[in-house]
Structures are given as C-alpha cells and as structure tokens.
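Consider the two complexes below, in which chain A is the common component and chain B and chain C are the respective partners.
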Partner chain A sequence: MGLLTLAFAAVALFAWIPLDTQTGIIEKVRRQVAIGDALAPSVAAGFLILGGGLLVPVERNAEHQPRVSLRGLGFTAGLLAIICISFVAMRYSGPLVIWIVNSAQGGDLEYRLLRDTAPWKYIGFFIGGTLLISCAISLVEGQVSRKALFFSVLAVAAMIIIYDVPFDDLLLPPNGDV
Partner chain B sequence: MKKIFKAGIAALSVAVMATSSMAADWTPPGPIKLMIGFKAGGGADTQARLIAEELEARLGWKFIPEQVTGKGGLNLANALKDQPNDGTAIGLVVTETLGYNMAAANAGMTPKDFTGLTTTAGFQMGVVARTDKGWKTFDDMIAAAKGGQEIRFGAMSPKLADLAYLLGKAQGVEFNIVSVKGGKGVMNGVNAGDLDVGFMAGIQAKGVAAGDLVNLASALSEPLVQSPVAPTFGDLGVEFTADGYFVFVGPAGMPDDAREALSQAIIAVVSDEGTKAGGLINKAFGGETTISGDDLTKLMASDYANAETLLVAASE
Partner chain C sequence: MGTLDYILMGIQAVFQGPELFSFLGLSISVTLVMILAGFLTGIAVGATPGLAGPVAMAIALPILISIFGYTPDALLPVMGFLIGIMKGATIGGAVPAILFNTPGTPDAFMTTLDGYPMTQRGKAKKALRVAHFASASGDTFSDIVLIICAPFLALLVEAYLDLPEKTALLILSLSFIAAVIGGSAAKGLISTGLGLLAAYIGTGEDFYPRLTMGQPGLSQGFPIATAVLGVLIIGAILKELEDLWRRRRDSGILLEHRDQGDQRLHRADIRRLLPYIGRSAVIGTAIGALPGIGSTLAATLGYTVGKARYARKKRPDAPEFGKGAAEGIAATEAANSSVSGANLIPVLSLGIPGNAAAVFLILAAESIGGFNPGPSVFRFTSDSVNPELVVAFGLFTAMMIANLLNWTIGGLFMRSMGVMIRIPKQMLLPGVLLLTLTAIYAQETRMEAIWFTMGFGVLGYLMRAVEISPLPFVIAFILGGKLEESARQAFAATGGDPWFLFTNPIAALFMAMALGVILWTARKKKGVT
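On to the complex of A and B.
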C-alpha cells in the first residue's frame, strides 16, 4: 500500500500535475507573486509521499500484518471492472440506442440534442446504474439473483425521481458531458 | 452611377431582410448549454439565468445553465471553443476575458476562436475610497500619497492591477497594489479599512448614493454616470481604460442565422426593463449596452490587440 501510494504520488507530481496545470507552483503576474495552480496539488502529492513513505517502514515492521490474499485482490479487481464497465455503459448506451433507431428508421437523431428529452435522457443512467448496482450486489453475495436486479432497478428509479424529475435544469449522468 | 447605387442599396436590403428572416426562422436544434463564467448567486450569474428564463418563456427554447468559473473566464473559453457551433452552446463572460486575460495568459486562444453574440451591459468602473478618508477628489488622494502616506490600492484582476500601476506612474506616485478576489472583495477591503482605495465596477453605487463611499475617478473612457465630475483615466494621463462589458459568445463559425437569432433574442430581453433581467441590468449595471454583429467582432479584436500594448506599457 505504501509503495502504491508513493508510485501514485510520483505519477501525480511528475506527469499529471505538469500536464494539467499551466502556471507552476508560484506565478509572477505583472510585478506580483501569486499562488500558481500547481501549488495545491503539489502540496497534496507531498502529503501522499509523506504518508506512503511512513507506511513503507512503519507498517512493514508492525505486528499482525494483514496478508494480501488472492481472493481479496480478485474481489477488488472485480469491483473495479464492474465500475469501469458500468460507466462505459452509462456513457455510451444512449448514443448506441440512438444509432440503432437511426439505422432501423433511417432518421438523423443526435443523442446530444436529446440529452434533456425523456425517455432518451434516462437510457444511459438507467442501464449503467442498474448494471453497477446489480453487479456490485451479485459480487458481494457471490451469486446472480433476480432480487439483486429488482432492487437495482428500484434504486435507480428512486434516484431518477429524486434527482431528475423535480429539477428542470439538472441533468443526470452522463448527459452533462455529452 | 445612380443606378448602381440604387442596385447596391436594393441588394443590401435584400441581404438584411434575408438574414433577419433566417434568424426569425431559426430555432435551436436541442437544449442550449449556457456556460456562466461567474460564481453562482452573484449579479452576473443572476443576469445570465434571468435572461435564459425569459427566453425560455418567450421562445420556448430550453437552456441548461452550467457554472464554468476560474482564470478570469479562460476556463469557460477553453471549454466553449470546442463545443458544437450550431447555437446549442453559448457562454457569458466579460470582454476582458477575450482581451487582456487571453493575451496575458498566452492561452493558445484568440477572439477568433469565438463568435460574439452581444454585450448586455457595461461596468461603471470607478476608483473608490471611503468618504471618511477625507479625500473629496482624486487630487486629494495623490496629495496624501506624495505626502508620504502609503496608498493600498485594491484590484480584482491583473488588468486592473496594471492600470493601477500605470495610474500611479502617470501621477508620480507608487501605489501598494493588492490583488483581491472579486469586486465585492475590494469593497469589503475598503469598507473594513484594509484597503485605502480600490476599483469597483458598479457595486459602489449604493455606498456612493448614501455618502459612505466616493468615486475619485472613472476608470472608463467616459465619466461615471453617478459621479460625472470625477476625472477619467484619460484626464489623469493614462492612455488605457477599464472599459468592458458582459458578453455572450459561442464557438467560432456559428452560422449567421443562429448568431443573429440568439443575439436578437438576448438584446430584446435585456432592452426590456419590464423583464426581470432588464430590471436587474438597469439597477445593478446602469442599464443595457448592446453591441453585436460586426461591431462586436471588431471590439473583441481591438480589445485583444490593445491588451498586448497594455502588457508592454505595464512592463516598462
């Protein structure tokens, strides 16, 4: 864990932050020294190095070390895969449905222009959300069940009712980014 | 010659009528993403949202407002320039974003990356102090500075900091220029006594009317509406001004009919004092100022070019 933290901090410090900021750690703007946009993330990366650096020697020498098991790694990998696949489904299932409709009917619908129109706007959130929740439940339970699917559909429907229906100007994911 | 002249006028009229007719026919092909380059809840944000609300009511268009703040509007510009240019993505910034801020940041963008739609209002940018400082005129403040008093001068953008520097240079004094976040920050600083003087872009109106604040100078090319006797920056030997406007822009290459329809619709709302948006603009920004079409394109280009000159002047 300590080594992973150190590796992440190094990537952030030497790749992510330089690529994603413009002004450096401090910025001299017209005779005035100002805080640059790289300062805060660099400080955060510094704390990660500190934390990771402490974990490596301290935790390694501590008693009762939890052992990394293959089962635990498999669970984590499974959970990450479910999250990734669900997000991809959430982002692209709406445009995919539109493409299928256009192919079948010869229309020229565009998902971006329908991202605030029901039922199109719910496709991605519904499919991706249901996939995420039902697969996560199934992973924890160790089995695929209709009950998991039922409660996933219920949870996603509840979120749509709470976060979308009452608000005119709010968009459900992924519609703000298309 | 007369015939050619008449034919020219006729052709021009047809072209204008055709554009107007196209604009009248245009409707957005989907919801319009309205990027707002100001923090939620402030005057500028409220202005954008009220304009959108009125356009939805009048024309049935659908707007999706979204806050894209930071870096003096450049974050918005960066996000907007790559959006589709079919009229479904527009943004509200200030002309300073497309001028000084873009030039100073060397952001890889120019005003040519955007289609100017219309300005909505200008700023009543004054150099403002508390009345109980005892300065009745700008000269009183300069006399105090020359008498050895340190003048802490609040500025809410790099451009204004440059202007404060040039103002001091022209007057033979050196201000202690303090960068502050937003006009409200400057006003709070002045009111609290942390700043002696500062730029305020209209937020000072109530304080000036109540006699608590005084406009010592106009940072514009024109005198301030509220304090017409206060000298302008030109009077004070500064060849640059803080003239600026709120401006709606879209990505470059927006079709003429979409540009025309969006501009006209926004102008109609802000020019109507009966609307909430028009009322707010009248009350908070001293009334509408609408510049659109080729005039706006020229204004954006000249602001950008002048920014380069200002940057050089302020570096000397």
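On to the complex of A and C.
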C-alpha cells in the first residue's frame, strides 16, 4: 500500500499537477510574486509521499495487517452494480412508462412536463428505490424474500412522504435531470 | 455592546426567535421545538445499532434547509436540531449496549462490559439510570468548559496569530489529526493527502479549473456534501453490509432478562458514582478539546482510570469491574459524553472540526451562510452588533437547553428506546443508503452528485478495508480551501517570502510541532511492532 501510495503521489506530482494546472507553484503577476494553482495540490501530494514513505519502513512489519478479502470485494462490487442498475432504472423508468402509455393510448404526454406532477413524478424513484433496497437486502441475506420487498416498498413510500409530500421546492431523483 | 449584551441577545435569539405556536399565552419559538425534536431523534438514532448521529444529521440537513431556507434566521433552528441529535445520540448509544450487549455507537462499547452483566442480573433499568446520569453530567460539564474556553481561545488566536501563524496552525491541526486518528500516522497522512487533493480539484484562482482532466462536470469542484456524506456515510454502509454478508448474522433470538428488585438510583449511589463521573468528565473534556481524538479513546481512558480507582475502593460484596459494576458504566458514559461539547472548542474558536458531528455543524453553517466558525466569530464589537457572535451565544443557549432536556425527559425517553434493536441491520442499512443519496439529490438536484457521492463512498469503503480512517480525509477536504487561501494571503502579506512559515517564531514553532507529532507517533508505532 505504501508503494502504491508513493507511485500515485509521484504520478500526481510529476504528471497530473504540471499538466493539468495553468499556473505553476509560484507565478509573477504584474511584477508581484503570488502563489500559483499548482502549490496546494503539490502540498497534498507531499502529504501522500510522507504517508507512503512512513508506511513502507515503519508499518511494513507490524503484527496486525489489514486483510482485504477478495470475496468481500466481490460482494461489494455486486452491491455497487445493484446500486448503478437501480439508479439507471430510476432515471429511465418514468419516461419509459410515459412512452408505454402514449403507445397504448395514442397520447402525446411528455415526462419532462409531468416531472412535478403526481403520480408520474414518483414512478422512477419508486421503481429504482424499491429495486435498490430489495436487491441489496436479498444480496446480504442470500435469498429473495417477500419481507424484503414489502420493507423496501414501505421504506420508499416513507421517503416520498418525508422528502416530497411536504415540500414544493424539493425534487426526488431523477426529476431534476429529466 | 458589552459581553453581557451579546449573551442576552444570544438567549433572546433562541427564545424570542420566529414563533411556531403559543402555549397558554406563552410564545414557543421554532428553535426550541427544533432542539427538542433533534434531541429525541438523536436518542432514537443512537439506540439503533448501525445508525449514529452523523447519519441522522446527513439525512436531516437538506430537509431542514428546505424548510428554513438560506436566511440567517435559519441558522439557530437548523443548528439547534443538529446539536439536539448530537446530544441525544450520545446517550442513546448506551441503550442497546446495556440491554442487548450491542453498542449503538462505537464509543458505547465499554458500556457493554458492565451494562449487560447488570441486565443479566435483573438491574437493567438501574444500569440505564446510571448511564443517563453519568452521560448528562459529563455532557453538561463539557458544555460549561466550552462556553468558558472557546471565546478566550478565539480572542487569543485573533490577538497573537497573524496570517503566517494561522497557516502554520492549520498545518499543525491537519498533522495532529493525521497522526492521532486511527492510530497510524502514515495512514492518517495518506487520508489527509487524499482529502486535500480532492478539495483542490476544480478550484483555484486561475481561469482554468485545475486537475479536472478536461471534464466539465468537475470544473466547479466536488460539492462538499458529496465528499463528506460519501466517505463518511456511504463508505460505512458499504463496509457494514459487507461485514453483515460475511457473518450473515441476523438479529437472532433475543434473550429476555426480567428486572428484579430495586431499580432506582439513590443518593448513596450518586455519591458513590460522582468521583468516577468527575474524573471521566475531565478526561473526556480534555480529549474532546483536541481535534480528531474521538470519544472512543475518552471512554477507554475513563474506564481504565475508573477501574484503577475501583480496585482500591471496592466493597467486598460488590461485583468486579467489567462484570456488572455501575461504576464502570458511569466512568465510560461520563467520558464519552463529555467529548461532544469540548469537541466544539476547536470548531467555534478556530474553525477546525474535530469529529464527524462537528463536520456536519460546519456543513450546515456553510450551506446556510452568515456564520463562519472561526476566531472572527468572537469579535466583541462595541459600536455595532456582530451577528455571528449572537449566533454563537445562541448555540451555547441551545446546548444548555438540550442539557436541560437531557436531565428532565432524556432518561425516560432513553429507557423506552430498547425496541429499536429489533430493526434488522440488513434491512435498515440499504434504506439508509437510499435515504442518504436522496438527501444529496434533494440538495444538489443533479444525478452527477449521486455518482460523485458513490465514488467517494467507494473510496471510504476501500479506506476502511485497509484500515485507513476516513475522518482525516473529510477534515482535510473541509480545511483544504481555507489552508490555501490563508497561505496565499500570508505569502502576499510577507512580500512574497517563500519561508514565511519558518521566519516567524510562532509559525516556526507550530511547524516544528507538526513535524514532531508525526515523527513521535510514527516512532511509537514502530516501537509497538
């Protein structure tokens, strides 16, 4: 970890910071010397070098070493995939439902115009939120259960009541983006 | 305007602020109601394993801002609610520790050692009363120290520290936090470095937004809430869910222990407990005043000191320390509760947050505006009113009201919260995850903010996986901008002297201390290995 930190700090210090800032560590503006935009990130990289540098000689032989479990990382990757899929579902399910309604009834509804109108504005949050909570519970429990689905529906309904019903100026996801 | 005038204005701002309703002809201000609501919420949250004060603060903040808006009038109701949560969660954490051997908050772990054995002996209510009495005592003591010390410290800073010294003080604070949090100076430095680097993305003085790699989404930098909530809350939830999955432990069948015999807390009990509470309150307050040292260390130290005293004073028929001694609960709870008030000393006097709860208070102040915690708050101007000072005294008043609530209804409400343990964590945590992301979206109103938060959440998870404390990251992220601005001003004020941190004796002393604390902690770590 120490070596990785040192490598990252070196890349930041010698490539990222010089290439991605317009002013150097110190710059001259109208005959006055001032601190440039590169100094502060360089100090941050300095903290990383100090930390990585201390980690290698001092803590390398410590008895207690953190063990990262690959299976644990796999579980978290699965959980993150669920979160991403749920938010994609949240983003597109409202417009999709509108498209289905338009196709079935031949209307010309637009989700963008309905994003602050119940019940349309809840479709995306309800579907995506229920998917997220129920799938995450099922992943942890190792089984799909009606209890998990019931709890997730209840939780999402409660969030709608907390965040949306009492307030006119708060938007539930994804209604600020559509 | 004298000091007394400011104190009175602060008290009036709380009691005579915007009226919510009137009761028997008496006007009840919205701030009072918010303190009460925050306090009760805090107890419920603290009593729920898997939740903690900062989670409730994160979820509540956008709702509160939506209700009260971005006006100076919003400061006291919003911050009063957050202070209520902070105090409530501290005593709430003892409930599951005593009743079910499961600490509601990490600092309540030591409470399980004596609390649960007392429950097994049928003395659960008495154990809860001891915890409440000790917690309320420690908290009140700590708040009194805060009220006395914070203004003096701020005045000292303003009087003696100029721009180079203030820059050096910020570096010293960051080094101290890096060195002491998590017990590894090296990992603390990495966490601090990452926090600073994240803070500098998309910011700076030049027209070109630095370190954005050409991404327009990064050109405004990361919103502070996405970094703080991502690393602190989402990271913790991801790690906790992984741990739950690994253990696949359900809440199981809860053993029932019936209360037996006298459950009251008598004067003789209080007299016996007071020396333990007093010592722990002093330990907790001293530790809390130093930024970054958490309440868990205070609880451990308070417990250890209490144990040494108990070994000398123990009656022959009394239970051993760690096996159901009320003194053990008192020593632990007084120590961890007295951290919360003292932790606000560096926040209010220096603008440096010392723990997660303080981070959220700063976040609230920055979101609403009109109050910038730091030495300038305590400018006792005589010709005009300093509104920030009125808010500061309003906050002190809010803390004392929360203490009053703690002494009066806190115990009763706390004892009724045993039911919260029955909510299974694997159901609660995904709900909290969505709630936190919804809170972010409500504040930022763009999907990008959700992805930023998840990115920081993954970082927080990875940091926990390799045992790097995420708190230095968050504190560095918050202080990063202030550090750069202060350095720029100091550099300009000293006529472009590149050695401005070392030519001034106080600044040089701070820099030497910053290096010293890192080397000392690193050497200590080497000695252990």
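Note that in this section the second predicted complex is superposed on the first by the 108 of 178 C-alpha atoms of A that agree within 3 Å, B and C clash if a C-alpha of one lies under 4 Å from a C-alpha of the other, contacts with A are read in each partner's own complex, and residues count from 1 in each chain.
Please note the rule applied: a residue touches a chain if its C-beta (ideal position, glycine included) is under 8 Å from a C-beta of that chain, and two chains touch if they have at least 3 such contacts.
Only a predicted model underlies this, so the values are computations on that prediction, with no experimental measurement involved.
J.: Please name the chain, chain B or chain C, that touches the greater number of residues in chain A.
T.: Looking at chain B versus chain C, the one contacting more residues of chain A is C.
J.: A:171 in the overlay: touching chain B, chain C, both, or neither? Say first, second, both or neither.
T.: both
J.: Thinking of the overlay built on chain A, is A:55 touched by chain B (first), by chain C (second), by both, or by neither?
T.: second
J.: Between chain B and chain C, whom does A:34 touch in the aligned arrangement: first, second, both, or neither?
T.: After superposition on chain A, A:34 lies in contact with both partners, chain B and chain C.
J.: Where does A:106 make contact in the superposed view: on chain B (first), on chain C (second), on both, or on neither?
T.: neither
J.: Of the two partner chains, chain B (first) and chain C (second), which one does A:22 touch, if any: first, second, both, or neither?
T.: both
J.: Under the stated touch criterion, which partner chain does A:116 make contact with: chain B (first), chain C (second), both, or neither?
T.: After superposition on chain A, A:116 lies in contact with chain B alone.
J.: By the touch definition above, which chain A residues appear in both interfaces, chain B in one complex and chain C in the other?
T.: Looking at chain A, the two contact sets intersect at 22, 32, 34, 169, 171, 176.
J.: Tell me, which parts of chain A touch chain B in their complex?
T.: Those residues of chain A that touch chain B are 22, 29-32, 34, 110, 112-116, 169, 171, 176.
J.: Quick one: in the complex, what on chain C touches chain A?
T.: Per the touch definition, chain C meets chain A at residues 62-63, 66-67, 174, 178, 184-194, 196-197, 199-200, 204-208, 210-213, 238, 241-242, 244-246, 248, 426-427, 429-431, 433-435, 437-439, 441-442, 445-447, 450, 454, 458, 461, 465-467, 476, 480, 483-484, 487-488, 491-492, 496, 498, 518, 522, 525-526, 528-529.
J.: In the complex formed with chain A, which residues of chain B make contact?
T.: On the chain B side, the touching residues are 29-31, 62-66, 84, 88, 104-105, 107, 158, 161-162, 165, 177, 179, 311, 314-315.
J.: Under the stated contact criterion, what part of chain A meets chain C in this complex?
T.: Result: residues 1-2, 5, 9, 12, 16-17, 20-23, 26, 32-41, 43-48, 50-55, 58-59, 61-63, 66, 68-69, 72-73, 75-76, 79-80, 83-84, 87, 91, 125, 129, 132-133, 136-137, 139-142, 148, 151-152, 155-156, 159, 162-163, 167, 169-174, 176-177 of chain A touch chain C.
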